[in-house]
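Note that chain A is present in both complexes that follow, paired respectively with chain B and with chain C.
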Partner chain A sequence: MKHLKSMNKKAHLINQAINPEQVEEVVAMQTVVGCTATTDPGWELDPFGGLGSLCQPMESDLYGCADACWWPAQVPDTMSTYPDWGNGVAKADEDWRKLDGIFEDGE
Partner chain B sequence: MKLNRLFKQHSIKGLAAALLCASALPVSAAQEYLLTVTRPGHLHVIDMKTNEVERSCDIPGKFGSGAITVSPDGKTAFVLSNIWEDVYGFDIRSCQIVFHAAQSSASERVKSFQSLTVSRDGTELYTVQNPTRLLSDRYEILEPRLAVYRIADGLGAQPVRTFPVDRRITKIAATDTGEVILGGGDVKAINTQTGDVRMVAALQNWDRGPLWLPPDAFAMHSQGEQANEYIMPYVTARFSDEEWDFETAEWWWGLSRVDLSTGEAELIEAIPFEFIVFNFITDPRDSNILYGSFNTLSKHDISTQETLIVKEMPHTYYNLNISGDGSTIYVGGTSSDISIHDSETLEKIGAIHLSGDMTTSDLRVATIRE
Partner chain C sequence: MALINNKTKKALSGSGVLLLAGLASLPLAAQEGHQLLRNNCGVCHAESGSADNPVFSRISEQRKSPEGWLMTINRMVHLRDVEISADDKRNLVRYLADTQGLAPDEAAPFRYLLEQDTNLIETGVDAELVETCARCHSGARFALQRRTEQEWQYLVDFHMGQFPTTELHALSRDRAWYEIARNQTASTLALQYALDTPEWSQWQSEPKADVTGRWRVVGFVPGKGEFDAVMLAERADDGRYDLSITGRYADGSELSGDGKATLYTGYEWRASLTLDGVRMRQVMALDEQGLSGRMFLAAEREIGGSIQAIQDQGEAAVLALLPSFVRKGEHAEVEVIGHNLQADSLSLGAGVVIEQILSQGPDSIRVRVSATGDEGIYPVQLGDVAQSAGLAVYEQVARVDVLPQDAVARIGGGGMMAKVRTAYRVVGYSAGPDGIPGTEDDLRLGYMPASWQILPADEEAEHDQDHIYAGEIDANGIFTPGIDGPNPERRMSANNVGRLTVVATVTDGEEVVEGSGNLLVSVPDFVRRVLD
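Our next item is the complex of A and B:
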C-alpha cells in the first residue's frame, strides 16, 4: 500500500484499518455477518465511515449480491457460474441456512 | 448489493451543464397493476385497487435479474430472464407468452444489465447487449450494442438493427422523440433509427471546476412511468477550497432527471446527502416532491432542498413506485414483501406478501385504460 495514496474518505479509512496494531481487531470482525464476509469491515464501510447504511439484514441483500454478480468473491455468482445456487430457496430470510458454500471439488 | 463509489479527483475547468426544466404529467387513473418478479421465476400481477396478487405468471429459464418494462398500452410486460440473457413478453391479462428473444447463441454469450425498454408506439423493444465471444481457448469481450427487436416478431425474435453504445449501461428508457436514454457513466440518448448518440447529462465527464467532486452515479432499477421521466441519482460534494477536505465539504444528492416527452434533462443538486437512497421516484402531482427507498423510506421537497419525512424500514428495500393518483407508495425489491405507505405521512398502511424474494427485480406499474 505504500505506493498507493488514498484519494477519498473511504480509501483513507481503509488505510487506517490496515494499520498493524489494528489487524487483530479487523481479523476478529471477519466473521460471517453478510455477503461481504471476507471484506467486512475494511472495504465494506458505508459512505459515512460506518456500517449503518449497508443493506440490512444480510438475508435481504443476499440474492441482490449474487444475482447481479455484485460480490462474486463473497457469494456465488449466479449470473454465470453458479446459476443453481439458490435452487429450492425462494426466500433467503426464511431458508438462508440451506444455502451452501461452493466447493470446487464438489464435496 | 452495495454502492460502488467512484471518487475521482479530476482537475475540472469551466462551468456546469445547462439546467433544463422537465415537467411531470400526472397519469390519469385507470386500472393499475403493480408488477414485480420473484425467485425462482414468477411475474406477479398485483391489482392496485385491492393490493392483491391477481395472477402469477411462470417465467421460463433460470432467474435473471427481474428487470421489467411495460408496453405503452399496459398489457404486455417484458421480463429479463434466464441469467440476464433472455427477454420474455407476457400478456399480463392471461400470462400468455407473446414474445421471446434469446440473446445468446452457441458462439456468443449476451447479458443485458437491466437495460430493457419499449418504444413509445409499442412496436419495438430495445436492449443493451453485452456480448462475449466463446472461443475454444478463450473468451473475447465484444463491444456493447443497442439491439432493436420488432415486437410483432413474437417468439424467436432476432434483432432488426444494432448500434454500438458505451459500456456500463444499466437502465434505459424510450422517449417520445424516438430516442432511448442510456444510463451509464454519463446519461446519453441514442437515435434508434440512425444510432447517433448525444450527451443528455454529463456525469463522469462533467465540467464544474475543481471545487466539485465528480459525481458517483448509479441507476439499476427502472421506474418513473408515473411521472413520465427517467432519474439517474448521483452523489457529489462541493469543497470550500482546494484543500478538498471531505469533512467540511457540502455533500449532495443530485438528480439527472430526463423528461421522456422531450428527451431533455435537468441536472440539479437537490437534497443534502445524509443517508443512502437506492432509488428515487417523483410524485406525479408535484415534480418537486420525491420519495426514496433503501433502509429508510423518505420524502423530499427539492424546491426547498428539504427532507420532509424519514421512516426507518424493517429491512433494506431497493426499489419503490407510486400509484397514478400519487396517494400510495409501494416499496419493494430485496425480500418477499412489498410495503405499502400513505404518501402524505409515509405511514405504513399495508403489505403484499409474495412467494419468493424480489432480489434485484423492478417494481413497475402497468396502466390499462380500457
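Our next item is the complex of A and C:
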C-alpha cells in the first residue's frame, strides 16, 4: 500500500484504517449491540467507524436496502418478509414521513 | 402412552378417556401446557414421547428465554399464518419458558438484552460467531438460546431461505460460506449453547421461591431521579401477580402505580405497570438477594434505569443507602432503605459517626452522619448483622464514568418513526489505595449529579457540524436526537446523523472532574424486535 496514493475519501479512510490504533478503535464501535459496522457498508457506521462511506441521505437509496433484504435486521426486507413495506411511498426521499417501522408485538 | 403424531391427533381427541387417564398424574399447569401445544402447534409439529414427557418436533429441541419463545410464536403468526388467542400466547410462553427455559447461570451473562439495555459493546462473543451472526443482530440473541446441533443447522437454513443476502454479507464470493455456516458455525453453537446442560438439570430440580408479599424497592427513572418505594405482589387467578407500588423520588415528589407481573422459569420477573400515568416495564432476575434488573418506559425502552428489590421476610434488612457516599471529614444526611428497621440497632462502623437520627420508621431511617474514618466502604450493621449495602467514605472524586460509555441514538420525529433518545448517568470513583484513577482498586462511590454537554467526536465530525445537527442533551443527561429526513442544509442533504462525545462534569467541593462517552446518532432502525 505504501506505493499507492489514496485519491478519494473512501481510499483515504482505508489507508487510515491500516493504522493499528485506528483499527482497534473501529473494532470497538463495531460491536455496539445491533450495530452493523462490520458489513460494508453498515447501516449505522461504515467499516472504518465513521459515516463517510454510508449512503447519505439514507432515503435516496432506501429501497436498495430493502428490496434485496440487504440489512434485514434494520430495514424491513420487501423481498421475503414484509413485501408491502414501502407501498405507496415510491420516492422515499420525498415521502419518507409515511414510512413506518416494524414493531414486534412485545406482549 | 402410545406415540402420537399429527395424523392420530384428531382421533385421540375423540377418545378423551385415554388421554385424561394418561395425564391425570401431571400437575394442572403441565396438562394445560401440553394441551396448548397440541392445540396451537400440533398441526405442524409432530407429537411423540409419553404423556408425562411429550415431545414435539423442533419445539422440544430448543430452550429459550421468555422473550425468545415470544419471538418464536410471533414468527409463526407472521410467517406461518398461525392464529392464536392473546391468552393462549401468554400461557404458552409461560409454559415453554418454565419447561424449556434457561437456567439463571445461562442467562446471567446476557441479561442486558433481556433488560433492553443495548447501549453497550458486547464482549466475549466468539469471533466466528460475530462474523457470521452478530454483525446484523446482537450476540446475546443467539446466546440466550439452547439447541441441538441439528436445530442450529436448521437456523442457518432459515436465514438462508428468509434473508438470502446473508450470502453476500457472509462473503460468499470468496469462500464456501454455506458449508462453513452449516457445519463449523452450527457445531460451534451446539458446543457453546447445547440443549442439555448441567445448569439446566440442576435448576429444574431446585425449589422455586414465592414472590408474593411486600417488597422494598429502589430504582432510577431518567428525568425523575432516584426513588424508593414499597411494592406489593399478590397472586392473581391467572397465575400472574397483581402489583401495586407507592414511593417517592429523591426530590420528595410522590410515585404510585399498579400493574401485573409474571415470574417465568422460577426467576425471570417481567412486569408491566403504569407509574403515574406512564406505562413502564420491569425486567428483573430473582436470586437469594432479591430482585434486580432494569425498569424502562414501555414505549421507549432506551429510557430506563436500574432497579433492585428485597422481599420482607420478617427480619430487619437493608436494601440501599441514599446517597451511598460521603466525603471524608464532612457531614451528610443519609437515608437507610429497608424492611423492619430499628434505629437503635443501626451502626455504620467505627469510621462513620451517626450524629443524629432525623426520622425513623420500619422502611426508612434518615440519619445525619459524620465521616471521621479513612477512605473505604463502611457496611451497614443492624445489631450484629452486617448488610451488603454500605456507605463509601472518600477523599476526592478522581474519575467519573459516563454510562452508557458507547451508545446509539436515532433520528426521528418527522414522520412515523419516533426519535430514539439516550439516558445518561455518571458513576463517581475515588482513586483507591494506589492513588491512581482508572485502576482496579478504584473505589466505586455511586451515581453522582453532573452537568452535560455534547462535542463533535473528531475533526471530521466538527467539519460536518455533527454537534449542531445531530441533537442536544438536557440538564438531566437525556440526549434527544435531531429530526429525520434529508437535511438540505447539510452536505449532500445528509440526515441529521453524527458522531458525538458526551461530556459530563461533576463538581465535588472545589474539584471539577470530567468524563466522556461515545455517542453515535444514526438513522432509524425500522425493524424493532422483542430482542434485537
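The criterion applied here is as follows: the second predicted complex is superposed on the first by the 54 of 107 C-alpha atoms of A that agree within 3 Å, B and C clash if a C-alpha of one lies under 4 Å from a C-alpha of the other, contacts with A are read in each partner's own complex, and residues count from 1 in each chain.
Here is the rule we go by: contacts are C-beta pairs under 8 Å (C-beta built on N, C-alpha and C of every residue); 3 or more make two chains touch, one makes a residue touch a chain.
Since this is a predicted model, take the numbers as computed values, not measurements.
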item: Touched partner set for A:K91, first chain B, second chain C, both or neither; value: first
item: Touching partner for A:D100 - first (chain B), second (chain C), both, neither; value: second
item: Contacts of A:S60 with chain B and chain C, given as first, second, both or neither; value: both
item: Partner chain in contact with A:M7 - chain B first, chain C second, else both or neither; value: first
item: Larger contact residue set on chain A - chain B or chain C; value: C
item: Which superposed partner A:P76 touches (first chain B, second chain C, both, neither); value: second
item: First (chain B), second (chain C), both or neither touched by A:G50; value: second
item: Doubly contacted residues of chain A, that is, touched by chain B and again by chain C; value: 36, 44, 52, 56-57, 59-60, 68, 70-71, 79-80, 93
item: Residues on chain C engaged by chain A in the complex (per definition of touch); value: 70-71, 74, 78-79, 86, 90, 112-113, 118-123, 125, 130-131, 134-140, 161-165, 168-169, 272, 406-408, 414-417, 460, 464, 484-487, 492-495, 497-499, 518, 520, 522-530, 532
item: Residue ranges of chain A touching chain B (in the complex, touch as defined); value: 7-11, 36, 44, 46-47, 52-57, 59-61, 63-65, 67-68, 70-71, 78-80, 83-84, 86-87, 89-93
item: Chain B - residues contacting chain A, complex; value: 1-3, 5, 7, 9, 38-40, 62-65, 83-84, 109, 111, 220, 235, 246, 273, 275-276, 294-295, 315-316, 318, 333-336, 355-357, 359-360
item: Residue ranges of chain A touching chain C (in the complex, touch as defined); value: 28-29, 31-36, 38-39, 43-45, 50-52, 56-60, 68-77, 79-81, 85, 93, 96-107
